[in-house]
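The structures considered in this document are given below.
Look for chain A in each of the two complexes below; its partner is chain B in the first and chain C in the second.
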Partner chain A sequence: MSTHNVPETFSIPVGPLHVALEEPMYFKIDVQGETVSHIDINAGHAHRGIEYLTTKRTMYQNVVLTERICSLCSNSHPQTFAMAAEKIAGIEVPERGIYLRTVADEMKRVTSHLFNVALLVHLVGYETYFMHMMQVREIGQDMLESIFGNRQDIGAMCIGGVRYDLDDKSIAYIKGALDKIEAETKDIIKTFKTNGSILRRTKGVGVLTHADAITCGVVGPVARASGVDYDVRREAPYAAYDRLPLVVHSLTDGDVWSRAMVRLEEILTSINLLRVCLRDLPGGPVNINDRPDIPPGQAVTRSEAPRGEVIYYLRTNDTPQPERVKWRVPTFMNWDSLRFMLQDAKIADIAMIVNSIDPCLSCTER
Partner chain B sequence: MNFLTIFARNLKQGPQTEAFPLGPAFTPDRLRGRIEFKAESCEGCRICERVCPANAIRFAKTPDGMTFDCWHNTCVFCGNCEFYCPTDAIHQTNDWDLSHVNADKFDMVEHGLIPNQTCVDCGATALNTAPMVKNAKPPLSTEEVAEVRARCPKCRAKYLKNRKVPA
Partner chain C sequence: MSRLPQDLEARLTAAAPAGVEFSAETDHYGVTVAWLGLASAADLSPVAALLKDMGARLSMITCAQPSVPEEEEEDEDEENEDGEAKAEAAPKETPKTFGGTPFDGTSYEIDYHFDIAGDALTVIAYVPQGGSIASLTPLFRNADWHEREMMELYAVKVTDHPDPRRLFLDASVDGAVLERLIPFSTLVNAASTKGLWERLVAGKKGAA
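Presenting the complex of A and B:
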């Protein structure tokens, strides 16, 4: 066979649709044989103009709008936005509201992490286990629907506290659901540590070294899997995190497996935090029961979304609408690291590596 | 081994998917679905209209009174209206089945009317809204609320001012 006319490198398009999460991101990938030699990332397919829209809505409408920036971090956005408004207006959230904020946050984290790791298993090709993991996640989704009235946009936050309350019945229900999810997650962790197919596909794949992680400034589980021990919940506690036994998990290998493992361990931590919150839940009002005008001012707030640190900048004037809202989302920091992770990877691993940063383009390109 | 246990359990449990539309679908009590409006309890404060992020709620003055319309095809079911409504006049039911044929798309509206009435004191035409008396001290009796309700805003204020507060 002659090899004269066969060029050594090919350029292949990956995306913009259906890379891993059916979110639009386009990679122009140069390959040598089966190995990735160069990556060009082209984003910006999903611009919805939400940042502009926020300046056309009142502060109270924006709590709902920011919730719709991302479906999986749909609690972190309104929470961080509300925190900024509260900072400007000097609003103190009542103690019970603070705990309920944490409850909502951690419930969303559990289901978000389960979703991402389930997708990883799907991309590994282990469909049966993917179905099983989604079924486990469904326990969490049913819990969200039963407590908040919606599977994704849970509408828990409001400026000045939370919009929902828990009674003994719902607390007992949550505890029961958590017990189920905890047992299943422990099983999933065992499977991740022992299953040959998962280990072979994910160990040592898509490595992001500690140094590269620092260079890219990655956040969230991506950072923690590369040994960057950083979690906003501990560094700059908000809600009730300063009184909870938070454990920050970090690993050092920086591969796809480590990122999944950090997420799985975080699920167990979240379940533990939830139990402590439900046990220590103080009495009293859940919000300030008022709709005060937010005075002119500016504030920066941040929180730990399931995907990592999300930062909000809010500037208000004397109209009911904010003058400027700007947010920095975790995927914006994390997707750059794909250049390092994908370098010298195999074509077949591309989707899996992309999924491992838990990309969320709807919030990054908003 | 682990997998075999799951397999056996799933075999025993049967399908996890819901049989809908052939059977009922999982619907928790707190599910935030179709909007329900009770004109009798509405104070006409229009807070719901202001906080609705989708502009799905519209009040309009008509010769008969003030109409309320909530467009279900615009509503995002966020629940802001119910949360900020001072009287529970607006409520999200757990009815989520809003499928309809295209021809009915303009009928997916929750409609209500706060009728006009004639003020029993001055005879002016005013809206028969629920009185805003939640913070009145001491709380009003049912008869008093009905009396306030029968008046126009001006005469309501007068009534409340002249109300004899038992010592």
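Presenting the complex of A and C:
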């Protein structure tokens, strides 16, 4: 045995720019040997002051601006913002618009979840399968690009409805793409349940207990993987979710594997919802074809983004610009839970655990 | 058909002795959105404790500086109780009364957005300029970041916050950024195109 006097605890920085983190976040991690004993989170590297900017733009310009807060849930922002404006102005979105909103929402969810789980496989070190999963996601990205003309900021939403329409040809195309993604996702789920490399790295790692999940107020797949059975689409329905066969998936282990599994199961549910929407798609206009002034008022609206509950607070006055717009994205709530997940974790698992909350920084910091 | 408890308004009123303003609206999906204005910001903690007992989840905190309202009614309120507000403004920790909070564009409206089994309840507290509000972190751990963000965007003080550091803004940036006009060129730190041009010219001269 060595008799050298080495300190027992070290402090290591992870980030702000780190190979395993997609976006800049700085973790100051105290370790004892290989084990994490304390973490400190330092945010603010992607703060852009968009909240201030919204009060300098008109309501209609803000639909464009809010879409650019984040790329992976870019559809949820303008949708929830538009919902708040519609609530204040008493605008009724036409039936077809309601269904098309749901279609755009679920398409984004499929590709967002695939992206996150693919990154998990990458961090596990299973590069071949990571490439394969990104290829599967690419079917979804192609679908977005073909329908909306863009891979990320799809520009589908407007106050009073949506800005796109589907015809028989595009519906048939989407159905074909969904069939492909569904078959692949079922395969991925099978792999996640049986592959030794994935199971050994992710099972029982980064556990967030049910009680801690409640304390932290986490939302989305992170909450559902810890047994918090909450989904805005079911609890506070919007768009067409009140008439769709929505299945909310929740697990109880609260580990990295459970969070990935919830996301994978949700992909299948989303595909099912998309098929029902495309089957039941009512006729008529897709939006109100008007840009009415939004009267003074205030509203709170929520929607289920891929990462969980997005909440918007909107206050308008007599001017075309809103007086205050405030929103909170799911990741804003979920960062804190990392303190519980990373406690006593191994250094090698840090990046994987951070990825498992599906962090979105540009959303969080705005 | 609200999922909020039937006696919610009565229980909230009992928890806030200074008085409340309650309204609720249910949309055609059956989702209720309720608003609760507090007459006194001191009632925030008891109301929040009651909501926690009911299993509420704190979803978001919004801070804003409401502009001067145009309704005459509220102007009258302001005048009537202005004296009271000023009398109370001296001790720093004493939260101000709802009616006495001047609506002059400098006082703060702090909205606490709760989720109760899918329904939304927003608790509104008013704090005059220079005032403070109790931290909700003893009850709701997740109030932490919201309050830290509120403290850097506005000059509002949060008492007993366990970790009142800056959240997103660097410590070198002056506080209350949403309360003052910051020219865009200063904001982006690139100065105006003129400034950039002058710097380029100066650099060129130095090189030559």
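Just so we're on the same page, the second predicted complex is superposed on the first by the 359 of 366 C-alpha atoms of A that agree within 3 Å, B and C clash if a C-alpha of one lies under 4 Å from a C-alpha of the other, contacts with A are read in each partner's own complex, and residues count from 1 in each chain.
Here is the rule we use: contacts are C-beta pairs under 8 Å (C-beta built on N, C-alpha and C of every residue); 3 or more make two chains touch, one makes a residue touch a chain.
All values derive from a computational prediction rather than experimental measurement.
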Combined model on chain A: chain C and chain B, fit or clash: fit
Partner chain(s) touched by A:291 [first = chain B, second = chain C, both, neither]: first
Touched partner set for A:235, first chain B, second chain C, both or neither: second
Partner chain in contact with A:153 - chain B first, chain C second, else both or neither: first
C-alpha centroid angle, chain C to chain B via chain A, nearest 10°: 90
Which superposed partner A:43 touches (first chain B, second chain C, both, neither): second
Touching partner for A:61 - first (chain B), second (chain C), both, neither: first
Which superposed partner A:216 touches (first chain B, second chain C, both, neither): second
If touched residues of chain A are counted for chain B and for chain C, the larger one: C
Least Cα gap, in Å, left between chain B and chain C after the two complexes are fitted on chain A: 15
Residues of chain A at both interfaces, chain B in one complex, chain C in the other: none
Contact footprint of chain A on chain C as seen in their complex: 27, 29-31, 33, 57-60, 62, 64, 66-67, 70, 111, 113, 115, 117-120, 122, 140-142, 144-146, 153, 166-170, 177-178, 187
Residues of chain B defined as touching chain A within the complex: 2-3, 6, 16, 26, 28-32, 47, 50-53, 76-80, 83-84, 92, 94
Chain B partner contacts - residues on chain A that touch it in the complex: 57-58, 60-65, 67-68, 128-129, 132, 135, 138, 142, 145-150, 153, 155, 158, 163, 187, 190-191, 291
Chain A to chain C touching residues, read off their complex: 43-44, 47, 49, 51-52, 87, 214-217, 230, 232, 234-238, 242, 299-300, 302, 309, 311, 313, 315, 317-318, 323-324, 326-328, 332-333, 335-336, 365
